[in-house]
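There are two complexes below, and they share chain A, which is joined by chain B in the first and by chain C in the second.
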Partner chain A sequence: MAITRREFIKYSTISGIGIIGMLNGLPLLGALKESTNGTSSVAKWMTTVCQGCTTWCPVQVKMIDGRAVKVRGSEYAKANHGKCCVRAHMGIQQLYDPDRLKVPMMRTNPKKGRNEDPGFVPITWEKAIDIITDKMMELRKNEETHKFVLFRGRYTYMRDIIYEVMPKVFGSPNGISHSAICAEAEKFGSFFTEGYWGYRDYDLDKTRYVLCWGADPIASNRQVPHATSIWGKVQRQAKIAVIDPRLSTTAAKANEWLPVIPGEDGALAVAMAHTILVEGLWSKLFVGDFKEGENLFKKGKIVPEESFVENYTYGLVKWWNLELKDKTPEWAEKKSGIPAEQIRRVAIGFADAAPRVISWVSPGTAMQVRGGYSALAAHALNGLVGSVDNVGGTVRGSKIPVNKVPKYKEYYDDIAKAGTKHKKMDQRGYLKFPSLKKGKPGSGVVTNNAADAILNEDPYEIKMAIGYWNNFPFSCSGAERWEKALSKLPFFAHITTHASEMSHFADIVLPAAHSMFEKYGFIKSKQNLIAYVALNKRIIEPLWDVKMDETEIPWEIAAKLKEKGFPNLMDFFQAKFKDPETGKVPQNGLEFSLFALKYYTQPIWDKNHEKYGKYGDAPDGWDDFYEKGVWNSKKYKYRQNWGNFGTATKKFEFYSETLKKSLGKHADKHGVSIDTVLEKCDYVARGEVAFVPHYEPAFRRGDPREYPFIFFEHRSRLNREGRSANLTWYQAHKDSDPGDENWDDVAKINPIDAKKIGINNGDKIKLISPVGELQCNAKLWEGVRPGTIAKCFGQGHWAYGRIAAKDFKNRVPRGGNNNVILPAEYDRLSGSTARHGGVTRVKIEKIV
Partner chain B sequence: MANYGMIIDLKNCVGCAGCDIACKTENNLDHDVHWSFHITETTGVFPNVGYRYIPKLCNHCENASCVKVCPTQAMYKDENGLTLHDPDKCIGCRSCELACPYNCISFNEDVQHQHQWQMDTEPLLEGITSSGKEIAEKFDNVPFPNYNPDRAKTYDGVRRKGIVEKCTLCDHRILDGKDPWCVVSCPADARIFGDFDDPKSEVSILLAENSAFQLLKSKGTKPKVYYINEF
Partner chain C sequence: MNSKLQTNQLNDQLVNRANIYKLLADCFKYPEDSLESTLKLLKSATVNYDDVMGTSAEKLVDNFKLNTFLKELQIEYSRLFVGPFQLDAPPYSSVYLDKQGLVMGESTQQAIEFYVKAGLDPALEIHEPPDHIRVELEFMYYLLFQKVMDGNNRFLDISYKFMETHLIHWVFTFTNKIKDCTESKFYIRLAELLDSFLSKEKELFLKYNKI
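Up next is the complex of A and B:
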């Protein structure tokens, strides 16, 4: 059932819940047209959220007669303070992309595979939802509801409805998120030191030294607009050192570039810690000191534990004795390729500027095989110099008062009770996947392994899946496995803006509303020491028959399931998502979306709520909140966690009792030793060293004799995740990623290597790894280390539209997708996909 | 009367191309027409490598070679020191394009946007995806969906076939007392717009306080886009 233009006006007008403002500027008002000389008649800046990366910035879109014309940062947001990055502008091209899906479509060719034409034909929403719910009812009839999976991709916090409640009330435990292909290993670093499973915020305004571990904050995640706006100031008041095998823009603007051999980041981190200790530069206030005052941290010397008294930290001497005492810069030079002198200079510079310093851990350092330990070591530097939770350092987010998903277990019937008792399908918690989210074994998702779980029917067969705003055959390493897994899956429905690689294997494809322009939702994020909630809004009337992924579609499914004899989901929606202001029960998907949005954010706007105004802004009711579209927290208070870190000891742990406990639980569950766990999970540590931040050598696939180059990838400042490549603005400005070329996909090769193998600039080449091959062009560039090949992620789509693919019809990609040559490997302790750290070697063949 | 120009602080600039794309939204540019663009260069040998990004736009030169060579006075200096282009006088001889040492003038072989929004009629998936033309037809009186009518206050909203076009420093915004859109959109505050004849303007002060450089100063065009600091 599509909401027609007339229904939309009627609904909007009578609802009286604050969307009147959004009608301004909509073409449906009709009377106002642009005059022939082109001057505008109705223009209004409307607030929404850009989800082009995971910073999630409040932005404003200039609407003229219902058209989205241009974009700026939201004036109401204290976090990005009126700034947006280049990605937000690009949202407009995404919105008006002719290759977006207009209507639902259905596969007519039952055979699935990359080389099968799916034979998609348009169908109605009614028919599409009917087919999907038939399949769901069949699973219920056979009491195998657990064989249903909901794959989540880019989301807002309305996600609970589709990702948690819908599968569970239906009877499946399988809400499987994309998180483990994002940056979970980063969180591992802060959790097992300071007890915080989350992304840190950074006090750039007051910092004096920024040490970036693969981080490229003026180009890509995190907090790009704030970092960009303040980087000039940071450069003037602080030193910047960037550890990155590629000369990123941040590296180019830094005082120090440390082009580490991919995957050897951990060597640098422990050598820096070693240096800080032998130089006596640790924070006496935060960490403590030797009883007798004399610094006993001397190269190679064991230190008696009782000689040191710690303040807010735990296990410093253990860390030294177990790991650091021999990890000199000279040792690290051999591992990392970075001169000892530079390692020492950076470590001393960093510690000298402390505590106003930031050791900024990013996916580049963390999302590696064994990268959890690199993240741990790099984040531990913040503890060592007392910059954690401190002025000019790394901090957490302020409290955000929003409601949780209403209780739904009472809506379980016997089938749901039985179905949800099954283990999740991604093998989390298996011996090889400890996946220690928040310290709990088997609690974190192992997104990329879901493909193997489907292929091997382990732990059980999967018969049906729905995916939204994800594209795993493109975005997951070992991409070919996903093509096979989705080909095997008996029924798959995909919710997406574009027909994509993942859609190619779908039985039903549903057109999604765009998150920046067409959808109701809310996000929580932080930048600039401000946490915030911002509203995704439907600020335009969609051109096409799209629906909101997280609310409208579950509503349609629930309605149809009710018709077919399973009313529980709809009963839950109608009972728990009444309009908080009027008590009105939602009657359609759009009302449901808005009422749910109001429900979740009620503590922010409802003056009668106990949390109203307590943690930040106090908007004048729903209409005011809706209009401004953003709620700002109070500014983060420094040192609020000192003495009460969320670890087992409440201290900042250099010897992680928290990790020891978690690993112990996992080992006990499987009746093995912790050493066996480590062995099965590809780590080299054995014994006590596993509980301290330590060096693990880089893990690589491929014999160096056959595959001479280490391959590593990086992010584009123009990537709206993997979804920008169909935009001409992306292609025409690709050279804003240093070393890249417009309208091209290049492998960046050091000229020394190129000469050795006879490759010239612009040559067509194949990159071949042990798991796959891709084609792209060669770019000779000095910004990469000899022996390594760098390539940006984002190109290589074969099914994302006419620009992204070189030949959409024949499934020929423009350039090559890195995930075809990257193997599916993991940082198993965090469950993360290890796309970084030079996880594979490659060889290069010239195409003649 | 003013003498408008710009200072670009390269230390603030992060090389993001935000100005380039924002300019396209403000001035209705096709993707391959760049009023605001950039030069990038990588220097040195690993590991001593430098990279810099220099934003580039029309320099609104005091001694503009494009104006000098224009046979019809289509290219002219206005009373505020802007180098502007009158499409009604332009005969499309492209002399200005050749004369500009900065490669800041574009020639339109075709009407901009027509390939995407008029000539594209083929959907990738019949009945399922759209075409540029189908989308354009949903909007009355505008050539493409995100068309900005403000541009048409002082220039063709979308420039004609067979003549040139260039950056106007958003003269239509200056008229309303607003900064050019690239200046507003720069997330790094790297671009500062102002009147060099006003000694109290930020641009005059910055120019006095910093050592600045201009692109191709030796050409004698007296460019009014100055760069300060290092990238």
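Up next is the complex of A and C:
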């Protein structure tokens, strides 16, 4: 075939005699260009944020010649005071992972399934956005905009642009977050007692007793850098007790380890409350006292309500009468497997050291079936001893002055108005999903149920979805349902740094800017009684053709939609996100991202703003704030909520009128009684006891005769959420999780059990539950109680990268994904996924 | 021997080598329609340069049929060098040369320093790390081009240094990876061609160093 004239001229060579480029006298360069600049090798520390867990620490990255080479905590951050944990360091390995998604790609094989090769080929951003917006316009044309879903994963507070505004202005109510697979049940505990739906902060500096409910602060979320650096001081001045079925890092260094039978945390909590009352150790200042002075809390005895006067709390005696009076440590020993003597000792030690104590409720105790009540009981201990909102205790966060997303409803057209009237697709608010976020029935997401909603087309069919920084077929229990749901979903675009299990079912994959090095964003968080805002920054020139997930991509979509006749989204972006300093209208995605960042954080850096300098640092304008990358609040003011807790009674509620009201609303909506709600939602409580922190027995799948072991999972010191498994540092240092092994994924089995069933260290085994099975290696370890098996979450990828997956071609995972054997169960009152509490039993088979 | 003839022969050699580098570099771009003409020119250049290589290149070219092959090649190219999910044959020096197997490692920095010495920057528009095989092969083309056009040995020196301290240390592992991970005859042949070319290059600089 003849070479075309164009190609001839391009290569400027005839029959191989002349050198390519000869005719022009210039080399024909495509991958290099001539430059006049030299490079400098001066190292510079640049500020940004680590999002390896949800502590969200301000960090600094050392840059040499545009390469990120090292990480440390930010010197400007008062919260983590220059410290970071191991996860931040691992960010560099993530950034420079050759397996990262480099360019938008399109599926060429229309069939979807785990064993279907998608046949992804690179396409331009232009083409990718074109395809996505064609699908969106089709939904508009057919007035089916509500059949669009935005699945949110790891976010910054720029999230409302993609998660709220884009779907809604387009015409869908479906911004579906991941929060229910995170820690919502924990917030249930603090909300229905003290009216606070949020993570607590902990005054470790001044505390005298730390009671950890599944919390492992020196290894995993949250506040790891601060906790690690202050833990020596805490050990010297305080006692530490850890309730955890596993000998965690924190437990290994604690005074007391209570290896609770998974799921029976509630028994310990109520028994401790019983003990504190019987021993007369409640806080007289915070709670109140008997009118006559005599302690009437005696085992088994009803107490007259009028005999006690409460100060800042409400319902103590009701609580005693309904629940606590019989819940002795002896009773709890039978349920929890913890000796009565230890329960009593810890309860008394905790209360003796009060009020400078912390009852630290973490997802381990909360994210269980019925775990909302365990969280309630464990957090109520803070109320009993007066440590809530107090010195050395649990506190909230200081005020952070940032702007909210600008009002956007005026940009709804008729299609959007109709579309957004539909209910959200995850079935929140259904009878079986009360999801009482902040007390409002049906307002909390039920992330994991979205898969079933798609499969059953209930409330309606979903035709299109975009997901970002998530991987639900890996990170959600009952993982297989997600594979089915995504196979059914007609169109899915995945925004991600790494093509993962979820990407495998996508039609388009879009490379995301890395949150720590390549993206503009901001976070709000707190540690060490300092609240802060920190900026995600683009500190390197991205290697690959990435775009910022929450801002650049919606911009490109908005621009294309405008071209295709739907301008509302772009109109909103250009009207509401002008540069606050110059008034300039954004002309491209990068400008939009930067202006949006300036807009959101304006109260912090704008000297003319009424909130400037009022709540903390007063940076010298935008440039100074941007350079430092962090704003610190004033120190938290103790007891600011005493007398004005955000509950129905304004008190710290032991008998939760707030919960009673919420449950009542939900029951009324469905025309049933509260007891019916509880029954349908798998709670054992009936009647009044549903409104107090109380014991609910552990819920497990699997007949003990067939599945003899209780399976439970835990987190890793090294997990950057679910994203570490492809990093060599993760694999090479895995044994920093007690009991785990490097370059391995082990099920930790007590040697007593192992001997009985003939399992040796290193044996290849299958863990089989009623819903699935996984393969891994056996590790004999005394850090789990007999009858239970522990396995860390994070491995078992069959996609994600050459290290994370053992053999991607044949879909063979490295290790096993716990979510394959964990059933999709919930703490339905909070909508949370129940991944803890020993929700399933398993049997072990040796692989020969 | 006539020194002018000798010089001409050397120059011809340089021209062919430069062209082969450039054309091989372009073979490691995402396959588009232009691949066909690239291959044809590659065949000319290799046939002029070395019989064995010429035959190899002929096989590569003659089996290539644009219409039927391009889509398959695009999928295979993606699988080997782009992803997603993982790269079967990462085309970056630092994955092979640096302990952690990441991109933007010390060896990437080493490559950048060579480019800077020659007055070049990696072109960011290609959206790849600067030690991508495309970039390194094109760099060698550039250095030989400058030698041909200017007669200046400075660039030739850089080319041998680059070969000796950097390129040959990873490229053969890379080509082996391709051969191990693909069943595509095209990419196997391309890997073999790159192999034999760089083996000859290696001999050349060994000879050069002895002078």
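Simple rule for what comes next: the second predicted complex is superposed on the first by the 808 of 848 C-alpha atoms of A that agree within 3 Å, B and C clash if a C-alpha of one lies under 4 Å from a C-alpha of the other, contacts with A are read in each partner's own complex, and residues count from 1 in each chain.
As a working rule, a residue touches a chain if its C-beta (ideal position, glycine included) is under 8 Å from a C-beta of that chain, and two chains touch if they have at least 3 such contacts.
None of these values were measured; they are calculated from a predicted model.
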Subject >> First, second, both or neither for A:257, with chain B first and chain C second >> reply: first
**OP:** Applying the touch criterion given at the start, work out whether A:105 contacts chain B, chain C, both or neither, answering first, second, both or neither.
**Re:** both
Original post:
What is the contact status of A:503 with respect to chain B (first) and chain C (second): first, second, both, or neither?
Top reply: second
**OP:** Using the touch definition from the top, say if A:84 reaches chain B (first), chain C (second), both or neither.
**Re:** first
Original post:
Touching A:687, do we find chain B (first), chain C (second), both, or neither?
Top reply: neither
Original post:
First (chain B), second (chain C), both or neither: which does A:490 touch?
Top reply: neither
Subject >> Partner chain in contact with A:762 - chain B first, chain C second, else both or neither >> reply: neither
Original post:
Does chain B (first) or chain C (second) touch A:70, or do both, or does neither?
Top reply: first
Original post:
What is the contact status of A:232 with respect to chain B (first) and chain C (second): first, second, both, or neither?
Top reply: first
Subject >> Set intersection of chain A contacts, chain C complex versus chain B complex >> reply: 27, 33-34, 36-39, 67-68, 92-93, 95-96, 98-103, 105, 120-122, 499, 543-544, 728-729, 801-802, 808
**OP:** Would you pull the chain B residues touching chain A in the complex into a rising list?
**Re:** 9, 11-12, 14-18, 20-22, 24-26, 31-32, 34, 38, 40, 42, 44-47, 49-53, 116, 120, 123-125, 127-132, 134-135, 138-142, 144-153, 157, 181, 184-185, 187-190, 231
**OP:** Would you tell me which residues of chain A are touching chain B in their complex?
**Re:** 27, 33-34, 36-40, 64, 67-73, 83-86, 89-90, 92-93, 95-96, 98-103, 105, 120-122, 218-219, 224-225, 228-229, 231-232, 235-236, 247, 249, 252-253, 257, 259, 499, 543-544, 717-718, 728-729, 731-733, 735-736, 738-739, 750, 752, 781-786, 801-802, 808-809
Original post:
Hey, which residues of chain A end up touching chain C in the complex?
Top reply: 1, 3-4, 7, 11, 13, 15-22, 25, 27-39, 65, 67-68, 92-93, 95-103, 105, 108, 119-122, 498-499, 503-504, 509, 541-545, 728-729, 799-802, 805, 808
Original post:
So in the complex, which bits of chain C are touching chain A?
Top reply: 12, 14-16, 18-19, 22-23, 25-26, 29-30, 34, 36-37, 40-41, 44-45, 47-48, 71, 74-75, 78, 82-87, 90, 92, 95, 100-105, 108-109, 112, 115-116, 119-124, 126-129, 132, 134-135, 138-139, 141-142, 144-146, 148-149
